[in-house]
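For reference, chains read A, B and C in written order, and residue numbers begin at 1 within each chain.
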Amino acid sequence: MDLIESNLLALKQLEFDSYNQDFLLTWEKSRDEIEALLLTAEIFAEMHRLKKPFRLFDFGLAISIFRDNSTRTRFSFASAVNALGLGLAELDEVKSQIAHGETVRETATMIAFLAEAIGIRDDMFLGEGNRYMREVSAALREGFEAGVLHQHPAVINLQCDIDHPTQTAADLFHLKKHFGSLEALRGKKIAMTWAFSPSYGKPLSVPQGIIGLLTRFGMEVTLAHPPGYDLIPEVVELARENSQSSGGRFHQAESMEEAFAGADIVYPKSWAPYKVMEERTALLKQGNREGLKALEQTCLANNARFKNWECDEAKMKLTKGGSALYMHCLPADISGVSCERGEVAREVFEKYRLETYREAGCKPFVIAAMIAMARIPDLPTQLARMNA
Amino acid sequence: MDLIESNLLALKQLEFDSYNQDFLLTWEKSRDEIEALLLTAEIFAEMHRLKKPFRLFDFGLAISIFRDNSTRTRFSFASAVNALGLGLAELDEVKSQIAHGETVRETATMIAFLAEAIGIRDDMFLGEGNRYMREVSAALREGFEAGVLHQHPAVINLQCDIDHPTQTAADLFHLKKHFGSLEALRGKKIAMTWAFSPSYGKPLSVPQGIIGLLTRFGMEVTLAHPPGYDLIPEVVELARENSQSSGGRFHQAESMEEAFAGADIVYPKSWAPYKVMEERTALLKQGNREGLKALEQTCLANNARFKNWECDEAKMKLTKGGSALYMHCLPADISGVSCERGEVAREVFEKYRLETYREAGCKPFVIAAMIAMARIPDLPTQLARMNA
Amino acid sequence: MDLIESNLLALKQLEFDSYNQDFLLTWEKSRDEIEALLLTAEIFAEMHRLKKPFRLFDFGLAISIFRDNSTRTRFSFASAVNALGLGLAELDEVKSQIAHGETVRETATMIAFLAEAIGIRDDMFLGEGNRYMREVSAALREGFEAGVLHQHPAVINLQCDIDHPTQTAADLFHLKKHFGSLEALRGKKIAMTWAFSPSYGKPLSVPQGIIGLLTRFGMEVTLAHPPGYDLIPEVVELARENSQSSGGRFHQAESMEEAFAGADIVYPKSWAPYKVMEERTALLKQGNREGLKALEQTCLANNARFKNWECDEAKMKLTKGGSALYMHCLPADISGVSCERGEVAREVFEKYRLETYREAGCKPFVIAAMIAMARIPDLPTQLARMNA
C-alpha cells in the first residue's frame, strides 16, 4: 500500500468536521482534526511529487492580507491556492494597521463575493492580530448567513500575535516525516529556546505556537529563555495543561544548555518579551516615534546581555547523541553570515540548512490542506476520487 | 422553469450584437443590450450560487488599470475574470495621470497581445477619463484590424468622469431583483440626491450614471442637490430625453425632503460640483498645490452649509410607506461611524446595511457579463450549452 | 500541410535537450535549440491565432523578479505563463539591488516549492545581473538534487547586463516571418547601430544580444557607434567568431550612414558605453549620488555631440532599395513625439510602427516556448498530441 492509500485509509478513521470552519489557533482544533490536516497535507505533497494535480476548485479567489512583510508565507499561500485551482488576489491595505469596526466588516464582505479563503498575517500588535481575524470572520459569517455571500470563505491565520498555525503545523509535518509517525513523537524531547538576535521586536507566535501544539503529542517540551523574555502567560498555562492531558511533559529551563541536554530536537529562535510587545503596541498606536526609539535601544541593550544564547557546536554536543534535529522557521540570524553574531553558528546552520528548507517546504501543502478541509465538503471522498 | 432556463429563453428574444464592442457608457447601449446584460449577469450569479462553473475562457488575460484607488471594483473585476477563466494582470501606471498620445497607443498594444479585456478606472479628471478609454480602445482596434492582435480586447469602463456603468448596471440588477422585474420599475420613484460629506472632490459618475440609466426604464427620477452642485449639463439633458422616450419622468428638486417625498427608492450620495471638478482638473494639470488647497478649503466651507442634507430617519419617513429602499455605491460616510456627520444617519444605514452589501454583490456578475458579451461569439448558445 | 504540421515535422529533425535547462544566454544554446525555440514559439502563436489552448501545465507557479522597470516584458511573461496554465507570482524585492550570497540562495528555494519557472530582469549593474541569475539557478539545482524541490524550476533571463534573449529571440522570430525562413537570412545585411537619445544609462543587452545571436545565421552584421560607445569586448569578439563559423560577416562601422548603406535591416538604438556602465555600477554600489549626477551630466553632454545619429528618412534612403526593415525593442525615443530629438524621426517610425508592434508581439510566444522547452519532457510529442 502506498503513502496516499494508507493516508486515505487513516483519514477515514478520524472524526472531524472542518467544513465552513476557519483556522485561527491550533488549540481550537481537535486532535483528530490536526491529524487529518497532516494526512491531507501529506497526500497533497505526494501528489505534487508524482505530478498529479489536486485542483479541487473550478473557480474562486483566495485573498491574502499581509499587514506585515512576508516572502515565505506569501509564496507558500500563492503556491497552495494555485495548486487548488483558486485565483490569488492580494489586498493591499494602505490604511491604518489597527483599522477596526465598520471598515473591517464592510471591506471583508466586499472582497469576498467569490472568495473561498482569506489568509491574514497580522502579527505586530499584541492583542490585535487575532482579534482582527475574528472581526473579518464574523463579518463573513454574517454575510453567509444573510445570503449576501453564496459561500462561507475560510479565514486562515498566516501568523498573528498569538499563534502561527501554518508554521507550526508544517513543523509538525516535518517532525512526523523525520521520526516516521506522530506516535513516534511520544517521549521525544524538544527544546524551544530563545536565541540572541541583533534585531528586536520579533513576534511571539512561533514559540507560543510550538509549545501550544507539540505538547499535545506526548512530547517532552522544554521552554527556555533569559529572565524577562516571557511568552503570553495564558499560552504557557495552556502548554502545561496540554502536556498533562497528552501524557507528555512541559517544563521551563533557565539556559539553552539546560534545555538542550539530551534533546532530540532543538528550536532556538529569538523573540521579544511580551511585556515589551505590549509597550510597543501602545507606542505604535500613539505613533510615538521617540518612545519607540527609546524602547528599541533599551531592548537591544538587554538582548546584548544574552549573546551566549547562540546555538553553536558546543551546545549541540549536549543534545542526544550530539545530533538533535535543528529546526527554524527561517530566516535565521546566522553568525558570520547574515549578522556578526546571531541565533545560530554558521557551522551548525550549514549542517542543517537543507533540513530547514525541507521543513519550510511542508508549508504550501499544509496551507492547501487547511483551505481544502474548510471548503470541500466530504474531503476524504474527494481525495479518494482523485487518486482512484 | 427555473431562473436560468427562463433567462436563457428571454435572452433569445432580444436583439443585440455586443461581440467585439467595448462597454464605455450605458447610453451607448441599446435597451435590448442592457436587458441582455442583466439576464446574463443573473445567470452567472445563479450558476455561482449553485456552484456551477462558468469558465468561458481557456486562456487569456484580463488587465486592470486603476488610475484612482479602488477596493470594491478591483475585487469585483478580479472575481469576475477569475470565474470566467481569465488571468488577472494589473498595470501599475506610475506615469502621469494625463499621459496621452503615442504612449497610450503603444502601451495599450504592448500589454494586449493575449488580453481579452482591459478594465479602466480613470475618474478624477473631468474631460479626461472617458477620453483616455477611447484612446486605448482606438489603439486596440487598430492593432486588431492590422493583425497585430489576434483578438479584439474589450475595454470596460470601471468608472470615468462621466459614467460608472459597472456600478449603475449592478444597481439596476439589484432593483430588478428587489422589485421582481424591469417592468415592475415602471412608475417607481427614485430620488437621486446629493448628501453632505466631510470630504470633497468625489466624482460625478454615480449620480450621472444613475440618471442616465434609470430614466430609460419608465421610472420617475428626481435629481436633487443644493444650489451650485450641478452635474454635467449634457447628462442632465440626456436624462430628460430618456425619460420622455421611455414614458417616465425626470425632474429636479431643491431639497432632499422634496425628492424623498413618496419615493420608492432613495440614493443619497455626495459629489463635487462639476464646475469645481473642472477647476480642480486644471489645477491638477498645473500641479498647483496652493491652488488645490485653497479650492479644497472653499469647497469644504461650502459643503458645510448643507449639513442637513443627511439621510436620517425623519427624512426616510417621507418616503413611500416610510420604507423606501436605500441605495449606496459604498463606502458611505455614516454619521457617528466613519465620520462625525455624513451622508447617512447610523440607524438608517444599519437598517439597510445588508441590502447595500447585496447591491454591491451584483457587481462581479455584471462585470463578468460585460466581458462575456464582448468576447464570446453567440453567447446565449454557449450559456445554454453550459446549463444543458 | 499547414504551419503547425510543418513545424512539428521540422522539430523532429532537430537534436536538442532543453529539459531542466535554464535560458540565460543565447550563445549557450546550440543552433538546433534556437531553431527548436522558434518553431515552438511559432506553433504557440499559430495556436493562439486559431484560439486553440496550449495549456501544458495543470498547476504550478511562474515567478517574475523585476529588478528594473518593465511593462512590455512583464506583460509578455504574464501572457506566456497564463497561456501555459501557470499561475503568476511576482517577487517584489525591496532589498538591495545587489543582494548576494545566503539571502539569494535561501530566498530562491523558499519561493520555488511549486514553481516551474523564474523569470528575472536585472540589467542595471554591469557584472551583476547574469551573475545573480546564476546564483538563483545554482540554489534551485541544489534544492532539486537534494530532493528539497520536487521539480527543477527553469531560470529565464528577462534581460541582464550581457544579453536579452527573450527580446533577441523575438527579433529573430520576426525576421524569420518577414523573410520567410531562417535560411533566407543568410547574406542579409543588418545594421545594429547606436542612436542618439536625450537619456543616459540605457543597457547594453540588446545590441550585445543582437550581434551575439544574428551572427550565427550567416548574416552580414554591421555594428556602428560613435567613438567610445563600446560594447563589452568579449561579446564583440564572440560575434566575430560566430560570423566566421556561420559563413556570415561581422564588421564595425564609424557612422550610421556607413552601416545603413545597402542594409536589409536596420536596428538603431541608444545605449551607454560599457566603461560608463562600469563606472556607474561602482557609484551605485557606493550610493554616491553626487558622483552619479556628475556622471550623468558628462554623459548627456557627450551624447549631445552625436545628435546626428538619428534614423531619419535621408539615412533610410541609403538602405537596400531605400526600404530596409526598421526594428526596435521599444519604446523608441521618437523625435517630436516622445522627445524633441531622439533615436528615430517621426516619419520613419510611423511608417514602421505596426511592424515594431508585430516584432514585440513575438515575445510572449518566445517566452512560452522557453518555459515549455525547459519544463516539459519530450515537448515535440506533447505539441503533436495537442494538435492531433
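Here is the rule we go by: a contact is a pair of C-beta atoms (placed from the backbone, for glycine too) under 8 Å apart; a residue touches a chain by one contact, two chains touch by 3 or more.
Here the structure is a predicted model, which means the values were calculated and not measured.
Student: Same residues or different residues where chain B meets chain C? The copies count as same if more than half of the interface numbers are shared.
Tutor: Homomeric contact, different residues on each side for the most part.
Student: For the sequence-identical pair chain A and chain C, determine the rotation angle of the Cα superposition and round it to the nearest 5 degrees.
Tutor: About 120 degrees of rotation relates the two copies.
Student: Taking each chain's centre as its mean C-alpha position, how far apart are chain B and chain C in Å?
Tutor: 42
Student: List, in ascending order, every residue of chain B touching at least 2 other chains.
Tutor: Each of 87 in chain B touches at least two other chains.
Student: Applying the document's contact rule, which stretches of chain B touch chain C when the two form their complex?
Tutor: It is residues 58-61, 63, 87, 89, 91, 101-103, 106-107, 109-111, 113-115, 142-143, 146-151 of chain B that touch chain C.
Student: Along chain A, where are the residues that touch chain C in the complex?
Tutor: Residues in contact with chain C: 48-49, 51, 53-55, 71-72, 75-76, 78-80, 82-83, 85, 88, 330-331, 334, 337-338, 354, 357-358, 360-361, 363-364.
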